[in-house]
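Two complexes follow with chain A in common, the first pairing it with chain B and the second with chain C.
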Partner chain A sequence: MLDEATIARIAEEVIRELTKYGVPAAEHTKQETGEDIDSPESKRETLLTNPQDGEALQKMKRATTARIGVGRCGPRLNTRTMLTLRADHAKARDAVFADVTPNFLEELGLFTVQTCCGDKNTYVTRPDLGRKLCPEAVETLEQKCRKRPDVQIFAADGLSSTAVEANLSRILPVLTDSLTDKGLTVGTPFYVRFGRVGVEDHVAEILGAKVVCVLLGERPGLATAESMSAYLVYNAHVGMPESKRTVVSNIHKNGLAAVEAGAYIADVIGKMLAQKASGVDLKKG
Partner chain B sequence: MTLFTVLSGKTFTFSSIKDVLAKASEKKSGDILAGIAAASDLERVAAKVVLSRLTVRDLRENPVVPYEDDEVTRLNQDSLDMTVYQEISGWSIAQVREYILDYKTTEADIKRLGRGLTAETVAGVCKLMSNLDLIYAANKVRVMATCNTTIGRRGTLATRLQPNHSTDSVEGITASLFEGLSYGSGDALLGLNPVNDTVSSLTEVLKRFDEIKNRFEIPTQICVLGHITTQIEAVKRGAPTDLIFQSIAGSQKGNTAFGFSTDTVREALSLLKEKGTGKGENVLYFETGQGSELSSDAHYGADQVTMEARCYAFAREFHPFMVNTVVGFIGPEYLYDSKQVIRAGLEDHFMGKLSGVPMGCDCCYTNHMLADQNDIENLSLLLASAGVNYILGVPAGDDIMLNYQTNAYHDAAALREVLGLHPIWEFEKWLEKMGIMENGRLTAKAGDPTIFTQRR
Partner chain C sequence: MEEILSVGIDIGTSTTQVVFARFTLDNTAGYFSAPHVTICDKKIVYKSQAVFTPLKTASLIDGAAVRAIVDKEYAKAQIQPTEVQTGAVIITGESARKENAAEVLRQLSEFAGEFVVSTAGPDLESVIAGKGSGAWQYSMRNECLTVNLDVGGGTTNLAAFEDGETISVGCYDIGGRLVRLDKDGTISYSSEAARLAADTVGVSLSVGRRVSAAELERVTDKMAALLAQSVGLLPEEPLLRRVKTAGSSDFQTIRKPSRFFFSGGVAACMENEETNPLAFGDIGVLLGQSIKKTFSALSAPFQPGGETLRATVVGAGSYTTSLSGSTIFYTEGVFPLKNLPVCKLTAEEETDCFEGRTEKLGQRVRRFLQQNQTSELALFLEGKSDPTYKELQNLANAAAAVLEQEVPVPKPLLVSVRRDMAKALGLAMHRCLPDRKLAVIDSVQVGQNDYIDVGRPLMEGLVVPVIVKTLLFG
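On to the complex of A and B.
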C-alpha cells in the first residue's frame, strides 16, 4: 500500500508531466465530466502553460474579457479556444437567424404580423422592406388594435430572437402597468416578424399613437446575444429624421435588467408626452 | 462610345457609363439594395462586354460624381499624370487589363500606369478581372510607405495589433497589447478603436502606447482611431502619436457625413509634421469599405466598387502610411455572404495598389452575415499571397468592443510560415531580441504576455 504522501507526490508528478507536454490537467477532468467549455468559469481559465508570471497573467485576464492567455499549438489556437469561439459565434448566428417560438408569443398574448420581407435572407439584405408592414399586416392592425392610444408598444425580432425571448416576458408587464398607473392609455400589443426599428413609424401612422415604442433584439456580439433595445418616438411618421428617436439600449441580464428597464422606459415616455418631443428635442432631467 | 451590345442573340442597352459600371459589377447585395445591379447574370456579362470596349478616355470624361459638385472628383481629375494619360487614353479597358497581366509589363510599368488612371478606370479594370486575376495582378506590385519603419516590402506580411476594450480600460488594453506582441503581432501599428471619442481618453491610451513603445524599444507605429478632429485636438495638447486616422468615403458628401473635409486632412498632416512622433514622410491612416457611401446616401447612384476606387483616388493625394478596407464590417445589406466579402477584399486590395496606396485589409465579418472564421481565414491567405501589406490581429479573432470577428493574433504567424513571409525587418529583429521569434518561427516563449510584465 502506498501512503498518502507518496500518492500526492505521484499525482503531482503526473500533473507536471502532462503540463510539460502542453495539456493542462483541467482538460482531462473536462473530458470525463462533459463539462461546458462555454461556461463563464471555463472561460476564466488560462490555457497558456507555464507563463513566466502566473499571477500577472491572472491580473491581466481580470482586466479584460478579451480571449487572452489562450496559448497555442504551433501557430494555431488550442482546440478548446477554437471551439469556444465557434460556440459563441453559433449562438450569435442562431439568435439572428432563428425565429421567436410561436408558443412564447402566444403565452404573452401577442399576435404576429409581418413586414414586407418574405424570409430571413430578404430581411437581412433589405432594410427598406423591414421598415414597412405588408398590406395584410396593416389590415390586421386596423381590425385588432385600439386606435389613437397615448402609447403603442410592440415587439420585433430585429437582429436577435434570443433577446426577445430572454427579456420580453419581464419587460412588457412592468412597462404596461407603469404606463397605466400614470393614467395613460396603452394600445393593443403585438409582435412584428422581420421588423427593423423604422417599422415603428409605419405602426404609429396606422394606429395614430402619440408615442410609439418598439422592443427589439440588437445585433448579437460574441459576449451576449440577449441584448434588447427600446426605440421611442413622439408623433412618429414615415420619413422623419432618425434624430427624433430616443433609445434605451443594453437591456439584458448583465446590463440594464428587463424589469428595471420597463419602469425606466415608462418614465421616459411620461417626459415625452409632457414635452411633446423625443430624440434630440427631448430635454434631459 | 457604344453603350449597347448583342450577346447570345440578345441586345443589351445601357443608359450611361455609370449604368455600365454598376451592372458590370460582380453581384453585391449593396448594389441590389441601391437598385442599380444587373437584373440577370447575362445582363451582367453584357455590361462587362460593353465596359471592355470603352476607352480610358470615356471613363475619365464621365466621372460618376460631377466635377463641379465634388472635391474627390476634382482631386482625382486635377492630379492625373497627363503624360501617362495621353499615351493610354485611347486604350480600351480590355487592353488595360491585358497590359497589367502581360509578362512584359513590370511592377514599375503598372505603378506608372496607375498615375494616369482615374478611379472610374481603376474600378472598370477591376470589374473585368477574375479573383485569380486580381491576386496575380496585385502580386506584381508592392506599395511601400515609411513612418518609423517601412511597410510593404516584398516578402513581408505585417499586422495591425488591435487591442480594443469594451470600456477603454488602459490596463485591459495593455493586457491585449502584450498578448499580441508575444505572438509577433503589431509591426504595422499598435492601434486602438476607442469607445470614448474624447481628447482625454485618446491621450491616456496614446501615452500608454508611447511609453510601451519606448520602454521596450519596439520599432513600430502607434495611433488611437478617434475622429480626426479629436486626434488633432489631442496632438495639439501634446498627445504623442505617429499617425492620425480617419474613415474616408468616395464622395465629398460621404466625407461630410464622416465629419471632415480635405482641409481637415491637410491640417492633420501639417500638425504631424510639427508635433507628431512619426519619423517618416507617411503619417496618415485611412479606412474604407464598400457600401459606406450608400449607407450615408452619398453614392450618387453609382455602384460600391466604383465608389470604393474613389476612396483610393482621394487617399493617394495625402501619401498615407496605411490604408485598409474593413471589408466585412458593414453587414449583409452590402456584402451578403463570404463569397461577396472575399471578392470585395480582393477587389479593394487590387484597386488600392493600382491607385498607388499602401493597402491592408481587415478580413472581418459581423454576426448577421453568412460568413464565419473559416471564410476570413481563406481571405487572409488569398490576400497574403496577393502581397497585402498587412492584416489585423485581435485576441483569438474576437473583438470585444466592435462586436465583430477578424484575424486572430495567431493567424499572421501561420500565414507567414505557410507563404515564407516575414514581419517588417526591424520588427523581426526586435522579436528575435525579445526571444519571441527565431528563424522565422515563433519560439517556445511566444504567446506568453507576461514576458512584458517582468520587473526590469
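On to the complex of A and C.
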C-alpha cells in the first residue's frame, strides 16, 4: 500500500524527470495551439496523401469551400478534418445563440424591441412567436417611430447575430443614403431581438410603411456564419403569402459586399414603389 | 436574354477581313441574388473572304479602298452599321506602322458602328489571335499551358495561356510577306528583319535579285528556328532579339507548354499541301513548311488553331468585348465613352483615398493628364472586397474632389473598380457631384498604358459593354 506522502514524492520525482528532459508534454500543447486548424490558410492545405495530380486538386479546392481532398482514415474522417468540422459547427451554433451586443446597436443609434419570445430557447422552438412583436414593442414603435414612411428599414438577429454585427454598420447607412437620394422618406430604424423574417409584416402594419425591409442574419452554414439577407415587401400585412417577398441574399465579405448590397437594395425598392409590387409580382428587369 | 451584334475588322499586313458575331446575354444569378449578367453564347454569323490590304504607297494604306472593302462586306452580310452594338477594328503587323494607320483606323471604326472601337498594339494583337485560334479555350478546358503563334504576313504574335489566364505575350518580325517576289522569282521587296535572318545563312535578299526556292527555304528554315527559340525549344541566339517587334513585350515561358497552336495566314499554308511554293508571290508557303518541319523535328506537340487565317479577326469580333459588373452606376446619357486613357492607381495611392487623404491622388491625376496631354481619363482602382461605410465615403469624396478639380466640365468622369463596389461608390460620388456626367463600373481588369471604351447600357440598363485595349502604332 502507498501512503499519500509516497505518492506525493513519486509525483515530484516524475515532474523533476520531465523538466530535465525538456517537458515534452508542454511542447506538445504548444504545437497543438500554434496552428489554427480552422483558418482559411489551414483549410487550403491538401490533407490527401499522394494525390495523383496535386496541382489540379489545389485548383479545385480554391473553387469551393467544401471539404474536398481531405483524405480519410479507414471509413472515417481524419482527426484534423473532424476537428475543423466541429469548430465550424461550433461557430455556427454560437452565431445562432449569441446576442448582438448592446454597444454595437448603440453606436448605430438603434433602439431594441423584442418579439413575443422571452428567450433564445423559445425563439428557436416557436417560430410563430418570433414573427410577432410583444405588446411593449408595439407601444415603443408607436411612440418612437415616424409613421407612414415610404420605406421602413429595421434589423433583426434572425439566426445569426454574427451576420448582423459583420454587415449592419456597412449596409444600413448606404441604404438610407441611397433611398434619401431618391427622394423617399425613410422610417426610424431599430433592432428586433428574437426576430424572424415574418415580423416585418407586423412592423409594416403598425407603422403603415409602403415598403418594409428587414436586414437579418441567415441561418449559418459550415462555410460562413456572416451571411445576411434583406427581405423586402410592398404593402406587407400579417397573413400575406410568402411569394410577396423579394429577397437579396448572400450579403457578406465573400459574397455581395454589404455597401454594394445597400446601393442595390435601394434600386430594388425604387422599382417596388414604381411597380407597386414585390416578390414574384415584381419585374426585376 | 438579349442578343447583340458584334463586328471584328482586321487590317493586317497582307489581308483585310471582317466577321460578325452574335452574343447572347443572360442574367445567370439565382432568383435570390443580385443580378449577374454574362455573355453566355457567342456565334460567328458571317465571315468575309480575306482580301489583300490595299496600299497607296509603300508607307500609306489606301483608306478609301479599305473602307470600300468593309462597306461591301456589310452589304454582303446584309448588316447595317447601325445594327452593330459592339466590336473592334484592329490594325496589325506592318499595317500598324504605316504613316496613316491611326487615321484609317479612326475613320473605319466610326463608319463600322457607334461602339466599334479602334485598337492597335502588338501585345493586344497576340492575345486576340490566341483567343481567336482556340489556344486560350484549350488551356482553360484542359487546365494546362498553351502557346499560340499567330504567323501573319509581317509579324508573329505569341501568347501563352495557362488555365485561361494570359501569362505572357510577345511579337517578332517574322512573317510570310517579309519577302515578296515577281512571277519570275525576282525579289520586289524584302524587310529588314528578313534580310537579317538571310544574312546568317548566306542568302542575299536585295531587291531586283532572282532567288531560287531552295535559297528562300534556307531563310524560312532560319525563321522557323527563331520561332522555336522564342518559345524555348532551342537555345536563343542573339539574332532573336534583333527581330523582336518594337514596342512588344518580352515573351517568356517558364516551362514547356502542353501544346502549341498555329494561326495566321502562314498556319493556313501549313495545313494545305500547296505544291507551288511561290504561289502567293511571297515566302508564306515555304515558311509554313519550315515551321512544320522544325517543330516536328523537335517533337513539340503542335496543331493548327480552330481558326488559322481568321484567328485575329475572329478574336477581334468575339473576344474584345467584355461586360461590366451588374451593379454599376451611371448618369443618363453618359455613354458611349471612347478612347479614355487608364490611370491605374498604386496600392499606396488607393490606401490614402480609403483613409481620406487626397494629395497623392491629386498629384497623380495632374501628372497623368499632363504626361498624356489629355483632359480626360478613366481612373482605375482595385477597390476592397468588403469596405466599411467610412472607407466608401472617404474614397468617394477623394475621387469626386480630385476629378472635379482636374477634369474640366463638360468632360464625363469614369471610375473603374476591380472589386464589386461600383454602385455604392457611384451613388456616393454622385451625391458630391450631382451635376457632373459620371459613370462608375466594376469587375473590369486593366493594365498600365491601356485605354478603355464603354458602350451604351444593355439588359435594361444592368450592364455596359467594355473594351480594354491598347493604341500603339509602330
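FYI, the second predicted complex is superposed on the first by the 232 of 285 C-alpha atoms of A that agree within 3 Å, B and C clash if a C-alpha of one lies under 4 Å from a C-alpha of the other, contacts with A are read in each partner's own complex, and residues count from 1 in each chain.
Here is the rule we use: contacts are C-beta pairs under 8 Å (C-beta built on N, C-alpha and C of every residue); 3 or more make two chains touch, one makes a residue touch a chain.
Predicted, not measured: the structure shown is a model, and the values here were computed from it.
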- request: Spot which of chain B and chain C makes contact with more residues of chain A, would you?
  value: B
Query: After superposition on the shared chain, which partner residues are touched by A:56: those of chain B (first), chain C (second), both, or neither?
result: both
Message: Going by the contact rule set out at the top, does A:219 touch chain B (first), chain C (second), both, or neither?
response: first
Message: Once chain A of both complexes is superposed, is A:249 in touch with chain B (first), chain C (second), both, or neither?
response: second
Query: Counting only touches as set out at the top, which of chain B and chain C does A:134 meet: first, second, both, neither?
result: neither
Message: Output check: A:177 vs chain B and chain C. Expected answer is one of first, second, both, neither. What do you get?
response: second
Message: A:169 in the overlay: touching chain B, chain C, both, or neither? Say first, second, both or neither.
response: second
Message: Looking at A:126 after the superposition, I want to know if it touches chain B, chain C, both of them or none. Which is it: first, second, both, neither?
response: first
Intersection of the chain A residues that touch chain B with those that touch chain C: 56
- prompt: Tell me, which parts of chain C touch chain A in their complex?
  reply: 32-35, 143, 163, 327, 329, 384-389, 392, 419-424, 426-428, 430-431, 460
Message: Going by the contact rule set out above, which residues of chain A touch chain C in the complex?
response: 56, 59, 169-170, 173-174, 177-178, 181, 229, 247-250, 252-254, 256-264, 266-267, 284-285
Field: For the chain A and chain B complex, residues of the former touching the latter
entry: 48, 50-54, 56-57, 60-61, 63-72, 74-77, 81, 85-86, 88-89, 92-93, 95-96, 124-128, 159, 219-223
- prompt: Across the complex, what residues on chain B touch chain A?
  reply: 29, 32-33, 163-166, 169, 171-176, 178-179, 183, 331-333, 336, 366-369, 372-373, 394-398, 400, 403-405, 408, 410, 413-414, 417, 441-442, 446-451, 453-454
